[in-house]
Amino acid sequence: MVYIGTHQGRTTRAKVVEPRPGLFTVTLGEKEYHVDFLEPQPNIYSLLIDGRSFEVDVDAKPGGDLFDVFIRGDHYEVEMVEEKKKKLAMRMGKGATGRQDMKSPMAGNVRSVLVQPGDRVAAGQVVLILEAMKMQNELKSAIDGIVASVTAREGVAVAAGDPLLVVEPWEPQFPNV
Amino acid sequence: MFRKILIANRGEITIRVIRACKELGVPTVAVFSEADRAALHVRAADEAYCIGPAPSRESYLRQDRILEVAARCGADAIHPGYGFLSENAAFAEACAAQGITFIGPNPRAIRVMGNKTTSRVAVHEMGVPLVPGMRENLQSEAQALEWADRIGFPIMMKAAAGGGGKGLRQIHRREDVAAAYRAARAESLAAFGDDAVYLERYIENPRHIEIQVLGDRHGNLIYCPERECSIQRRHQKVIEEAPSTLVDPEMRRAMGEAALKAARAVDYDSAGTVEFIVSGKSREFFFLEMNTRLQVEHPITEMITGIDLCKEMIRSAAGYVLPFRQEDIPCHGHALECRIYAEDPDNRFLPTPGRIIGLRVPGGPWVRDESGMYEGLDVPIHYDPMLSKLVVWGSTRERMITRMQRALSEYAVKGVKTTIPFHARMLRNERFLSGDIDTNFIDNEFQPNDEAREKPNEDIALVAAAIGAYRRDKEKALGRSGIEEGPAADASAWKASGRVRRDPGF
Amino acid sequence: MFRKILIANRGEITIRVIRACKELGVPTVAVFSEADRAALHVRAADEAYCIGPAPSRESYLRQDRILEVAARCGADAIHPGYGFLSENAAFAEACAAQGITFIGPNPRAIRVMGNKTTSRVAVHEMGVPLVPGMRENLQSEAQALEWADRIGFPIMMKAAAGGGGKGLRQIHRREDVAAAYRAARAESLAAFGDDAVYLERYIENPRHIEIQVLGDRHGNLIYCPERECSIQRRHQKVIEEAPSTLVDPEMRRAMGEAALKAARAVDYDSAGTVEFIVSGKSREFFFLEMNTRLQVEHPITEMITGIDLCKEMIRSAAGYVLPFRQEDIPCHGHALECRIYAEDPDNRFLPTPGRIIGLRVPGGPWVRDESGMYEGLDVPIHYDPMLSKLVVWGSTRERMITRMQRALSEYAVKGVKTTIPFHARMLRNERFLSGDIDTNFIDNEFQPNDEAREKPNEDIALVAAAIGAYRRDKEKALGRSGIEEGPAADASAWKASGRVRRDPGF
Amino acid sequence: MVYIGTHQGRTTRAKVVEPRPGLFTVTLGEKEYHVDFLEPQPNIYSLLIDGRSFEVDVDAKPGGDLFDVFIRGDHYEVEMVEEKKKKLAMRMGKGATGRQDMKSPMAGNVRSVLVQPGDRVAAGQVVLILEAMKMQNELKSAIDGIVASVTAREGVAVAAGDPLLVVEPWEPQFPNV
């Protein structure tokens, strides 16, 4: 099987062959890795690669091609998509719209909503304060834009991933053409 | 000894107290909020009672409910832990009124030390140094010079209306006082609409160093070697060590004696901590406040003295005499504590509530885990996000640090992000290693967030993810329904047939 | 320091050595048999190589394969752990021949101490006491009297052809010697067809007490306070403590100096242990043997001295000078080790191989777990069934014991039966608590097996099983297929709606 | 539901009612237990009974009515059978024959088989030596009897529960009537 792996924007072609059960050959770009593989505990891989021993924690995010990988305390978020599927997706060519759906980064209570629909906001501007575990966390807009809608309500609990508000990129009415 | 001890708290400190009680042979009673039914302290105690909904105000702070539980189950003592009701004099008095021993100091000590003004007056009378400074505003240039001499340089000119670090001006020489006075007044007027300013000693390289004291009900009182808690984030301690790299035996004795004076000001008769601000430059120390409870970071003092502070605190509340004198308290080696929080160090330390789906705790020599975690725990959003305290001891500071690095590398918490990588990075920081730290260190110099740090095993991560994807896809292709003809069956067949012997892996 | 250390062992000791190496900043190489691919030491090391099939003879004892791995991966030192090749002089020499440092003493020390006869001759020349006795058989009644006087009472008349405790006869008074000689010869002739008998000192209440020594390559040698290992089952140590309840400071110094003499007889230059048999009655001690390796029970000495024996052993092999002198070695508090075996204490201590499906390790103050276990481990049948060593420290012996009781109560191993309940029971035994023990204690007086012991929570067990059966049957009735209308769905709906607040549980 | 519980030969009637999810009333004989139940980790029950807190490890043996229960270090093997099923089984009235099917108490290697079919053995007599984890374990006959059959072979590995040999009770040819 051939995959396209992506980590921090860098993509690498990854070919996986399993010549014998528990033994894998993974080719990353030009480089070949011979891997003695074992999963002694669920989602914990013991990899022996040319004698080097790695204990790797691999969690596939449900339903997607994203893998959370932990090695020696470091976290890697890796996308691993089958090559055919990736090519198809790239041909579909979905460009970024710039629209920002702000979602709650954690479970908590909405302490205050500092903007309302129609407000102009600057990148970095605090738009909402979320309270969780006795601390107040400021959430900021990632872009210059206009608040399109606000779902969050003050005093209401939210779960991680719940939509809070939407910021549309600000289109200057009279662009400096 | 007590018949039964109720612990009016949750989390790791409740586990700590339950362990001490078990070793003393005293049965324990836990109380819990509805959010904590599954918590470890509920399962570890001999008895456990629900005292209300998740918010602390409706559960862990409900004195009436806690006292009702104590009365009904026959507990004759209450340990308050830290936080919650631990420094509440009214609660200590309510316990006494009900004939229950509050495991902590006398209520007057709590009350006096709980107030910034009364505590300063009390300890000042005993001769404990406060940060030198004026209690009123300056009236004239001449007065400024006079006070500057009295306080001693360097000094800080502060705007009375200022705050949050604004309106401050350092003065290092006598000849600069007059000019600074004029400039500060003008600046303050412009900034705050008020030209009142006053003088206070400027503490260079401020360090937070504290002294553990321990008293009994018979007037005995000892102090332990200091703890340094200068590594703070948002005024919250994150790493503590004992002893301090700044303090030598003479200074240790001076601070210890000052702490005893502070404690004697309120007839202190339990475990408590006297906090000092110390100049990293001049090594002068000044009283900040006294915490009238067992401190989060008490284990590092335990490791270098061999004293079980939690147990001694209970014994002393039960009327036992302290089993050692001041000259028996050793200062043996070095101890370090890293507080592990459920926060994402790669994302502005946002709290990361969630479920702990995997846990491996470090072990081996001189590693101590003080935790309330278990696999399956849903980290509740209602309380402090501290999950655990990792404590190590070493015969030298260097060995203590390499031991903590090793222990952190063994600590695996899955399901929520934690501050473990932050600690690992701090323990490689040159300035931390040299011991040259102060309370501004994280805020001013250490970049706690480090999304861009080099991650040396990117290739291995890609290899692992590729194998993960391959195995998932293969399993999918085989129908996933449990028809075991896929990799699993192959693997076990391979195993059953005796794993093919390979050359030593080259 | 070394570039890379290979650990020629498995199990908890390999984890112990890896931890020491990590703290020293030295990369580690593990070797493993095919049965150990999933073992923790394989995953904890920086490198790992398979060296053969499960039987030790074909893997962990294969010197050639181990040296080949070391050569190829560039390891410049080998730590042998205990057991396997740790006391094999030929292996130490083979390492040296290949330019690899064997982390242990010089080969002559291993060879001399590895043999009962040569070791006795060597230490006797240095003036270390051996159990007084004859090296040949008695020829006459007169000679019996003469030897009895020379050896000192009580004495033991032994049949030369006897064994396994047969043909023994204690003699406490001089006037009984002649009669005993005649009777013993007749008895021996009848039982074994041979009337040869000889005399040896009879050791009353024999105790196993040993002295840890530590040397460097520069002629420095120190001893540590003793360990008592009298709690043995089938001549295997199961509980060890330090210091011994029998030994006072004067005796400690005498034993320590005897141990140093024994070690100096072979220019000892590493970590080692001199074992003595001690009369619990007269407190005389006699050399038994010297173990030229790190001992299983080394952690208890570490806990009372603060010395990291494993790390010092590596440092000394690397040529470092010992960082302390004899007068720096403290004897601080008390430490205890319980060896946790995969054996069923309710079924004649039969080994219980199987899979560890759940594991919770004790924590908190002064508790140290030295383990090679993890959830999912298939305990292999090929090796020693020791799973872990639980070690605690306490400022007094009583506190050490209550701490161990507490730690044992927290230790949960699921999937295989372990000796944890045995230890819990031993720690409640009156004679153990009083410290009045000897090596015959378990065999003669303590009933290790206790199927019939009172189990106080039978009702709770029935309640739990009834709920278990109910939930299983209810799930079955609902079709088990994941249609979540059963208890699970109810429960989560209940949870989602906010758990109904209850009265404080009465 | 009503069950018949058996522990160390003692049987008790156990009635289980779940008035609210997570709350059980278990009646053992005459005694009623109100149980606040939670399973925070798989097979680990947290029971609060009149305020007393018990952490109980409960493993149902596969396919049967036997439960391995661990409470505070003590092990209880409890049988819990539905009352109707138990009554049926009792009506079937299967009396003990005394025939002993010796099964291997653990995985290991058969070191030596000391008897052969037809041998007379006494209760307590060692009939087989099993080697596991470097130790030799003597297995003894529980009854006076005759070896009926031997399945175990010297030098062959066995798993826990594998049949080793069968001892039939010895019937005296000329009973002392």
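Order of writing sets the labels: A, B, C and D. Residues in every chain begin at 1.
One rule holds in what follows: a residue touches a chain if its C-beta (ideal position, glycine included) is under 8 Å from a C-beta of that chain, and two chains touch if they have at least 3 such contacts.
Note that the coordinates shown come from a computational prediction; the quantities given were computed from them, not determined experimentally.
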Of C-D and B-D, pair with higher C-beta contact tally: C-D
Approximate Å spacing (C-alpha centroids) for the pair chain B, chain C: 37
Between chain B and chain D, centroid-to-centroid distance (C-alpha), Å: 50
Distance from the mean Cα position of chain D to that of chain C, given in whole angstrom: 33
Centroid distance [mean C-alpha coordinates] between chain D and chain A, Å: 52
Chain C: positions in contact with at least two other chains: 37, 48-49, 374, 409, 505-506
Interface hub residues of chain D, defined as touching at least two other chains: 36, 41, 48, 51
Chain contact graph, described as a line, ring, star, complete graph or other shape: other
All pairs of touching chains, each written as two labels joined by a dash: A-B, A-C, B-C, B-D, C-D
Chain C to chain D touching residues, read off their complex: 342, 344, 346-348, 350-354, 358, 381-385, 408-409, 412, 414, 417, 420-421, 424, 455-470, 472-474, 487, 490-491, 494, 500, 505-506
Touch list for chain C against partner chain A, complex: 29-30, 37-38, 42-49, 73, 374-377
Partner chain B, residues of chain D touching it in the complex: 36, 38, 40-42, 46, 48, 51-53, 55
Residues of chain C touching chain B in the complex: 15-16, 19, 22-25, 31, 34, 37, 48-53, 65, 68-69, 72, 299, 302, 306-308, 310-311, 330, 332-333, 360-361, 363-371, 374, 395, 399, 402-403, 405-406, 409, 498-499, 501-502, 504-506
Contact footprint of chain C on chain D as seen in their complex: 1, 3, 5, 7, 12, 14, 16, 18, 20-22, 24, 26, 28, 31, 33, 35-37, 41, 43-45, 47-51, 54, 56-60, 65, 67, 69-76, 78, 80, 82, 105-109, 132-135, 137, 160
